[in-house]
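To keep things simple, chains are lettered A, B, C and D as they appear, and every chain counts its residues starting from 1.
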């Protein structure tokens, strides 16, 4: 391990909340122009470490050295002056302002302290865009941009005050493969220009091909710092969850006789979907891959009755599926939505109320309800799915990502479903909970129910699905059993160049 | 697993303090007749609040309840007179009045939810429109109706010494408490108010919940307008004009949040009694009418601020606990 | 020349009013006819009343039941002049709105404005402006200080004094309370002060308390209940500044079983108040025949229009006190329809 | 063309259509005197709308503007009639009252965590109470007095046929536009209006900006009070009450979304003109009073429906081509 001077040293960082030691004697360092990966389960102390670095939390003990000089970071301005900037997972942009206004938010160039100097700002922004070959319209309102473009605005914002270190928290969570690829390109270019990156992600393959070094945290302690060559999946996972993840052999399950059958015939919508036809059988997990905007979520929404479709027939065990979400639910079809925070749960309500939200018709015959039954049902689910929450009465906003997703799943497990549609099951969830969720989905399928999983995570698709459907631009491109498929087969298929054409 | 429903002790304490001060200053404050007089003064506000809590819980607001009360009262009196003051005629009047309120509520709901116009603007505009309609049907006159026995009984009748109006509030309160806490509709209302998208994704028709909330608000406003006309034995287009502001204050002081999804009907008891006691106590203490509005404004601020701090402290405690567990 | 003109005008109008009195309409028209020749020579810029396109505006501070009676009277008086168009403006209780409506009438070139002022001093400027434009302005109730064509003065002051005198006539000692108009309606609140000051110093009579109502029956009812509690039923007279509020007070007193023990006075002489008086639930109501007032005011207007008197040039606004009387159980049948 | 400019153009055209209809229907509408009196009337309500629009863009609402107007008018009237202080100092004092009122509202919302609606509803009662306390007294009764100081009344005068008030109002509309669009402070108002957390993450002092919007609203309301006094010569006890809702309706009709973060003062100008022209126009037809209130309400609803549908339609168009855009990229 070469010992030349590093840009950032965090030594003996210690941080405790009442009753729990969150960071215990953590050393963390980032070199000049280095992409440093940071991995760890939710609750391993990762976000607390970043919050100390960016001045949101003061550390109990420990020192921070930037560029050889010890610094005190009490607030955002200290962090900015040390050249540290953060891009959070939910981007902090102002939707109604333009790209330039967002880039310079908080650091405007002014003519005489009050008036904005729009010309100077445009010039500076243009410079930055050219330097990094971004393709973005500086005058567009941010609300009209795609997530990928918004991320570019965030990066421009950090580059503006020539940040030495840019911290990216789960940047590729809502990007498709193409956009992730261009983000990696950007990161490599920033690295070349000498900017260091702290890259936080749950996706091991991104860390593998990007990071120069990787720090792994568990339960507030550094479990190891690996250089690029030492990063292998099994080792990292072991460091992260303290035990080996049993490598299930990806056996392909056949449909169980008597399981329900979901048939979709040439489903089309005006703006995107075009004659989508496929069949999903109980007992099998059908994975749906493809790029963002290829129509996967829209397909689920049409099945579940949230989106109008102009033509096409959807039947479950021969019975046509209604087009109103309420009746679809009664026909035994459930949807675990893409964005659990906004679409999945009512954050202000308790876990018990959220779980009951979809099950009142099952739990109570008349419209009269008793809180006792709601709490009992919730306790059953909490035990069954091992949801980490003090009691059923805790509000959902206080739960971690993994536990929130379990609550969303619990909403549907109570009902005797025929079909469970799942959209991006494990976005932003730590590895441990991921495995549990896969287990839950598998157990549902084993009960003869149809399980359809949409995911942008190629590894995930390969791991859990028995058959994979690839959508490209609203059309069914490929429908192949998951036998001996590899990541690049899917990547190629998703971008519409499948093996068949090549041969 | 027993769950302890956390009861904040601020509100009852503040009420107690006010009662003690008022009693010290004027012994007859705590007399039975005065308590009944206070309740009588606020019970019509209470009936209205029981309905208007629904739009508030859905994250909306209803400023048109004052005009709806005036319109329904006038419709009821006109229909009663038309049918010659017979009890059946009065019943017809009451039904017509409630129907008018329901229609106004439906319009409020439809425009808010189908045209996505903020309910503040919709109900503000409807307040003017309904007032115009009420003035039109009453030709801006006061329509008196002294001969209808049913109206007089509703207005001044007593059961066990307590005026029927107070009983009507008690009945309405129990019904709304039951709907909000013990029925699916109540749970759906809290869910839609908290997060409309998530509720829709759970297969619940959140738009219907929203529209029906305004219909309920319209009906209860109509009922309170009818009770008011029975109490006054007359109807005029400008009656209950200031009610929407006071009802809003009672609900917010009672802990209903303006953002929706939070607050319970029990809070209205506190809001009502606070406003009722303040007005009554000020008069008994000889506070000049000039200062009364101002003092009410100041006490509203104190009540709502107290609520905020107690909630902030409880959230802080809860998040600390969660953080310790999660980190 | 100006001072004498004013005196003459007042003389003519007073003569006219002597005949009208209350309830006898017929005499009013004849009185107006014989006085017009005498004053015609005043300025000579009068308008021919049969001319087409004449417009009179009635600006009501609040379209309450009283204003409706005035409007009724004005349109009756104009029934014999089909060419004159009457427009009513309801200020809905807002002083600014009434000023804006006044300016509206000026800009539309109305010939005369009959006004029931909310905020008298706010209307001072526009009244002078109107008079300068040749628009005759007659203020009912209380008018602004700036001189204008005429002021029909059944001001609240008289109402207060009249009720106090009636109380002193009927009782040798009494404790009195009053429920007045909303705090912001300062012009009309004179009635309560008049009532209080007339009773001051008279032995045996005491003015205990006055509360501001909001013109509604239910609030008056509540205030009365609270007053009864405050003075535990130990007062003898409640003076309410409007019949609406008096009815509320009567209902509260009735509910407390004290009907007859407490005398309740109202104002405006509305029909339902008269029924309460008949049933003995109210002692009296200060009656000023709204419709009759409307007619008188319109006649003064027409007269001023015909003679072309420039109100703003007068030294003082000629005050015409329309006769006002108290209806009590003794004469209630005369007025109860 | 940017979506918001198109939206304002459409409502301006609608306004001109109404003006054309009214001037055809009654000849006294388009007279110089009537236009002038409309402009003067708009300047008072328009000032309230300008003030409240800053609060709304910043994501809040202010119901106390009417009461602040009444308070400032009363204080000015007392100072003018009972003291020898020069006029410009008195006007300054009135504006300071506006600043104080804004600070109180800001304090309640930020430090005590009250929702804007309830905080300003409560301060409306409190400021109205001060108007009664400061009112003139005669024999224990509140009365109003006419202001006769010629120098003060000159504020209500004209220059070149147009009232000072209207000119100052239009200047302030322009100043408001510049503040919102051309200064850092303006950008920060938009920022806190849509997304409080993002604004704070970018280092914007949310509390200072929020308090500033309330102070601006207070100052505008105070100035409107001075104008009203100069115009009508007397500070009525309930002057300004009810105007707060008129101002909010004008802002909504002017296309400013109540949820904040959008709109500018040109919309406020068009919205205020719209409301006053409609009300003024209704008088022309001599409609019975109740029909006037119905039309007033109907205009607010129709314009807001038009606005919501327009906003929705254009957003749908954007989503569709954004998806198409994303499709090509992907």
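As a working rule, a contact is a pair of C-beta atoms (placed from the backbone, for glycine too) under 8 Å apart; a residue touches a chain by one contact, two chains touch by 3 or more.
Remember, it's a predicted structure, so these values are computed and weren't measured experimentally.
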Legend entry - Interchain centroid distance [CA atoms averaged], chain A/chain C, Å: 75
Inset, instruction - Would you mind pulling out the distance in Å between where the CA atoms of chain C average out and where those of chain D do? - result: 36
Inset, instruction - Give, as an integer number of Å, the spacing between the C-alpha centres of chain D and chain B. - result: 30
Legend entry - Interface hub residues of chain D, defined as touching at least two other chains: 132, 142, 288-289, 292-293
Legend entry - Two or more partner chains touched - positions in chain A: none
Legend entry - Residues of chain C touching at least two other chains: 63, 90, 183
Legend entry - Topology of the chain contact graph, where touching chains are joined (line, ring, star, complete, other): other
Legend entry - All pairs of touching chains, each written as two labels joined by a dash: A-B, A-D, B-C, B-D, C-D
Legend entry - chain D to chain C touching residues, read off their complex: 26, 28, 31, 33-34, 37, 41, 44, 132, 135, 139-146, 228, 231-234, 236-243, 280, 283-284, 286, 288-289, 292-293
Inset, instruction - Report the residues of chain B in contact with chain D in the complex, numbered from low to high. - result: 61, 111, 115-118, 120-122, 124-133, 135-136, 140, 237, 245, 248-249, 252, 257-259, 290-291, 293-298, 300-301, 304-305, 308-309, 312
Legend entry - chain D-facing residues of chain C, complex: 63, 85, 87-90, 92-96, 99-101, 103-104, 107-109, 118-122, 124-125, 144-145, 182-187, 189-190, 192-193, 197
Legend entry - chain A - residues contacting chain D, complex: 76-77, 80, 88, 91-97, 101, 105-108, 110, 114-116, 144-146, 148, 157, 176, 178-179, 271-272, 291-294, 473-474
Inset, instruction - Please name which positions on chain D make contact with chain A in the complex. - result: 182-185, 187, 190-191, 193-195, 197-199, 201-204, 261-262, 318, 320, 322-327, 329-330
